[in-house]
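Heads up, the thing below is written out as structure tokens.
Chain lettering (A, B, C, D and E) follows the sequence in which the chains are written, and residue indices restart at 1 in each chain.
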Amino acid sequence: MKEFEPKIIAFCCQYCAYAAADLAGSMRLKYAPNIRIVLVPCTGRIDVIHILRAVENGADGVLVAGCLEGGCHFVEGNFKAKNRVRYVKNLLGRIGIEEERVEMFNLSSAEGPRFAEIANEMTERIKTLGPSPLRRENSTEENI
Amino acid sequence: MIIADQKPLSEIQDMLAPYRKILLVGCGTCMTFCSAGGREEVATLAGTLLSENKDMTVDKMTIPQQCAVKFIDRLADKVGNYEAILSMACGNGVQAVANRFPEKPVLPALNTQFIGVEKEPGIWTESCMACGDCILWRTGGICPITRCAKSLLNGPCGGASGGKCEVSKDRPCAWQEIYHALKRLNMLHYLKEKPRVKDWPIHPGRIVREDLREVEAA
Amino acid sequence: MKSGSNLERLLESGQFSVTAEAGPPKGTSSKVVQRKGELLKLCCDALNVTDNQTAIVRMSSLSGCVLLKEMGVEPVLQMVVRDRNRLALQSDILGAAALGIRNVLCLSGDHQKFGNHPTAKGVYDIDSIQFIQMVKNMRDEHKFLNGEDISGDVPFFIGAAANPFADPFEFRVIRLAKKVAAGADFIQTQGVFDMPKFIEWMKMVRDRGLDEKTHILAGLIPIKSVGMARYMRNNVSGLSVPKEIVDRMADAREPKEEGVKICLESIEQLKEVDGIHGIHIMAVAWEDIVSRIVEEAGLMPRPVV
Amino acid sequence: MIIAEMKPIEEILDMIRSYQRILIVGCKGCVAVCSTGGPKEVSVLGSLLRIARKKEGRDIVIDEESLDRQCEPEFVDLAGDKVADADAVLSLACGAGVQMFAERFQDKVVLPGCNTTFLGVTEELGVWSERCAGCGNCILDKTAGLCPIARCSKQLLNGPCGGSMNGKCEISKDVDCVWQLIIDRLTRLNRLEMLEEIFPVKDWSPAGHGGPRKMVREDLKT
Amino acid sequence: MSFREALESGKFVVTAEVGPDKGTDIEHLLKDADIVKNRVDAINVTDLQSSVMRLGSMAVCHLLVDRGIDPIFQVTCRDRNRLALQSDLLSAWVLGVRNVLALTGDHPTLGDHPQAKPVFDLDSVTLLEVIRKLNSGSDMAGNELRGAPEFLPGAVVNPGADNEAALELQIMKMEKKIEAGARFFQTQGVYDLDAFEKFMKRIEGFHTKVLGGIILLKSVGMARYMNRNVAGVFVPETLIQELKTAEDKARVSINIAVRLIKGMKDLCDGVHIMALGWESKIPSILDAVKE
């Protein structure tokens, strides 16, 4: 049986996480290939619906990566995102989707290695959880 | 929507008695829809006040909502010129304006009545009491908390006759309406549910939604 | 005489009066009320029977009053506006009159949220000041709230509560004035721990001449333990317990004795305050201490008028 | 405006359990302004329901619509075609809107997605509080623009009870004692004498306690 | 024999009712009670009937207990919230009250204080549940009681509903009341025995006792008034004619009551006589029923 390879959507702020991912690339750091990066101008731009759509369309995990607290280019965008991520986690938990599939991280543009670490950490976490319950709909218990 | 109607003119004049320069403020939302405090009613009331008190200054302004600070701010550079603000908003609006301008008397021109709908032109009826725990899905889309005079949750009292409420012959018994609706929708089983005791909300109410706040959640 | 009650006779004749509180049980055990009645009978002029105090369901004040009356103790019927509308309040007032109750204390009541039925519908049809006025009209004009006539007498000595320690402080005396204007014959105050504040309040009361229009009984709460002192200081809104009191209780080797001492010192001070016509002792779950306090305060035997 | 909040998702899932095709209808009036039932919330709820049902392995078809207002029949009727295709309508309007829907589409199951909570204002983004009880007899001119009926937990008309401490209500430290606010404001306006008057007993019949209310304006009748 | 014992013995029980006055004057009421005292199994004391402010039901019940009468304490949900209702029930038990009739209560707008705030925190069904809970030793929030009452709970039902929906709703609610602990029912006034029989058939198998309501017809005007204004009461035209043409109207009125009671003997478990001021006629009615 092939090992499960999760699909993880990462909403990355252009001022920090996206730059950090870039840096990780130019530093030739190796990190899990499961991360699909979506560039956003600020995590404050991420809405509840964006995260839900990702889950609905089959993402096994969603991570939102914004600036360090206090370091947001738009002052408080990452706080808004933090509140929304917490809200979504609660909603998903209540309909039986593991809250751990969605997470918020903070890092600076200089933290290329940290980005690689986050990517690996999230991938490991989702591997432990298994595929999204939404992707399991047609499979039987045995081959999960 | 919120339904209101204008206070008796004599009461408005009583409350305006100490003042000569008034800013009359209308509201562009519910009060416009229920024809109680929109641009048109502002004009009419201003005209009436002026015709009765020749030496009075009544200036008019209507903002989209009086319950939101961003719209109330539009009054900021004007209020200094007036002794009092006469608001044609619901109670929320009057208080929001009063809160924004702490040094200014803010007076209500309307009596806020209820949350309701327009039945036909000129007639509004109450349909929601904002009790905080909606059960319309079990009552055929008819609210017994609001539309039964006794807010009964477990069936009608013995006072209905001819399908009408004991309180007034021109009000239907909400429970008979519920019965017909549930029958039509094939949901009569909801009538046999276990008796419920209502958890009444504690007032004043306050709601906090963390996902919308801009400050860091505690 | 408005009611002919013992409390009224004593206060009107200028005696320093003593009242205490007898809370009814959470159940139908009439013995609980009778035991409190026995304990307090000789040392008090009248006993308040609380009305679902702190919004916790108990036997009603009316039946507690009847039980006390049957054993020869004079009751004060406490009534709150939280649980009954104007029909029930008036109806209960008539019932109490028919059953021979002569004192009533009109209150707002703690919010239902604090009790053991927090989602009950709070009634609050009328407020405590309107309630006082209503009872006064029933007594003096023989009129119900709607203006209709009452058959028979409604002889009540009408009481109200005052809390000098709640905020806004400046308003407290205005509120008392309103209660007096509405018809309060006597006032029982919140428990006094913060003596300077109370004395300041009494000065404002005298400045308005209110002490001559009503009888003010200062409230006292005997403290049993430092835990109770702390709890009241931190958790009970409307109570002001100074830090010194908590410290005294904390340092005491025998906290109960210290509590009695504090209470006795307060009584001594209160006796000296102009306009105070008596004390009201609220010894919740410590009723057996009351007779000792009254005795040691030199207020025994209770006068008969 | 009318303030509402979304029902617990568990309750919504329970009420739509037996339906396959749901039309979620938002309202662009009050509930959109308080971020509970506008177009944005319609799509969030739609997505959530699809996720939940997909997880259960049961199909659901969700159609979305948002109307200018659900408390007026002409707007509600605009949804007619979409309503016809649905097993049930899930309305995110206030209770008045839900009932207007049920009234216009008598043979359709109409379900409430929100709990309507009070008439209030936005204190700050994400925080709403109650301001008006719709009691039908406004006294804000006598109480300095602050309503004791809506904002005092005991609806006292003659000043604060003994539980007012440090400007807060006895029921919660998050709730201001409105009488403290009234007194502060009257002090500023130099009208403290207004407090001395005894407010008479209130007539509650226009406040909804005389049975469900109805308002007729002869000048507007056709 | 107490009311509970009478009911459980299976005999045909009789209850009457007194309505307290508007004031603290109780002489008249006690006189009425004494007239019927030894002829009935219990006397209902109404709770601010028709939302008109009167002396309280509990005080009067206590006075009746003192006179050796077993009262049925009527309690409505109109004026008291759940705290006051439970508290009053505990008190009533202490004052010797053993039977409670749980009612919703008329709306205040029908009474003499139409501006009052009605309460309706609970309704008749949930009030019955509360009584059951108190009987079992705890309050409705589940807190243990120190000493529990043992009330006999009763309720009312209106068999004369005027349309299908109303009848179905009455029966639905009656079932809920039985489930909530109602041990007996007193009905709205009955004048049409056929209709009543149909109603009794409809509820056959319900585990409860039913006391048919008898309202003494004092005049033609009263009959017409009830037909127009009182929900669920229907006086057939034949009865109205009988009363209209009678010379001794009181005599005929008594005859009608006697006939109705006799008719009910085979249909239900007892009768509840609402004499509305004609309490003095109850003994002769009961004598005539025996003949």
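Following the convention adopted for this analysis, contacts are C-beta pairs under 8 Å (C-beta built on N, C-alpha and C of every residue); 3 or more make two chains touch, one makes a residue touch a chain.
As the structure is a computational prediction, the values presented were derived from the model and not from experiment.
Trainee: Given the touch definition stated above, what is the smallest step count connecting chain B to chain D?
Mentor: 1
Trainee: Quick one: which chains contact chain D and chain E both?
Mentor: For chain D paired with chain E, the chains in contact with each are B, C, in label order.
Trainee: Let me check something: if the centre of a chain is the mean of its CA atoms, which chain is farthest from chain B?
Mentor: The most distant chain relative to chain B turns out to be A.
Trainee: Counting only C-alpha atoms to place each centre, which chain is farthest from chain E?
Mentor: Following the centroid criterion, the farthest chain would be A.
Trainee: Please give the pair of chains with the highest number of C-beta contact pairs.
Mentor: B-D
Trainee: Where the CA atoms of chain A average out and where those of chain D average out, how many Å apart are those spots?
Mentor: 36
Trainee: What whole-number Å value describes the gap between the mean CA coordinates of chain B and chain E?
Mentor: Measuring from centre to centre gives 40 Å for this pair.
Trainee: Could you grab the centroid distance between chain A and chain B? Build each centroid from C-alpha atoms only and quote it in angstrom.
Mentor: 44
Trainee: Where does chain D touch two or more other chains at once, residue-wise?
Mentor: 126, 153, 155, 171, 201-202, 204, 210-211 - these are the residues of chain D that touch more than one other chain.
Trainee: Pull out every residue in chain B that's touching 2 or more other chains.
Mentor: 149, 167-168, 198, 200, 202, 209-214
Trainee: Listing for chain E: what residues touch at least two other chains?
Mentor: Those would be 78, 82, 107-109, 116-118, 120-121, 140.
Trainee: For this structure, give each pair of chains that are touching.
Mentor: The set of touching chain pairs is A-B, A-D, B-C, B-D, B-E, C-D, C-E, D-E.
Trainee: Quick one: which bits of chain B touch chain D in the complex? Just the residue numbers, please.
Mentor: Chain B reaches chain D through residues 1-3, 5, 7, 15, 29-30, 33, 35, 65, 67-69, 90-92, 94-99, 102-103, 105-108, 110-134, 136-137, 140-143, 146-149, 165, 167-168, 171, 174, 181, 184-185, 187, 201-214.
Trainee: Give the list of chain D residues in touch with chain A in this complex.
Mentor: Contacts found on chain D: 8-10, 13, 40, 43-44, 47-48, 50-52, 54-55, 57, 126.
Trainee: Which positions of chain E touch chain C when the two form their complex?
Mentor: Residues 21-26, 48, 51, 53-60, 62-63, 78-84, 86-88, 90-95, 108, 111-113, 116-121, 139-141, 143-149.
Trainee: Under the stated contact criterion, what part of chain E meets chain B in this complex?
Mentor: 77-78, 82, 104-107, 109-110, 118, 120-126, 129, 140, 156-158, 162-163, 165-166, 168-170, 172-173, 175-176, 179-180, 188, 229-232
Trainee: Where on chain D does chain C make contact in their complex?
Mentor: Residues of chain D touching chain C: 153-168, 170-171, 177, 179-180, 183-184, 195-196, 198-202, 204.
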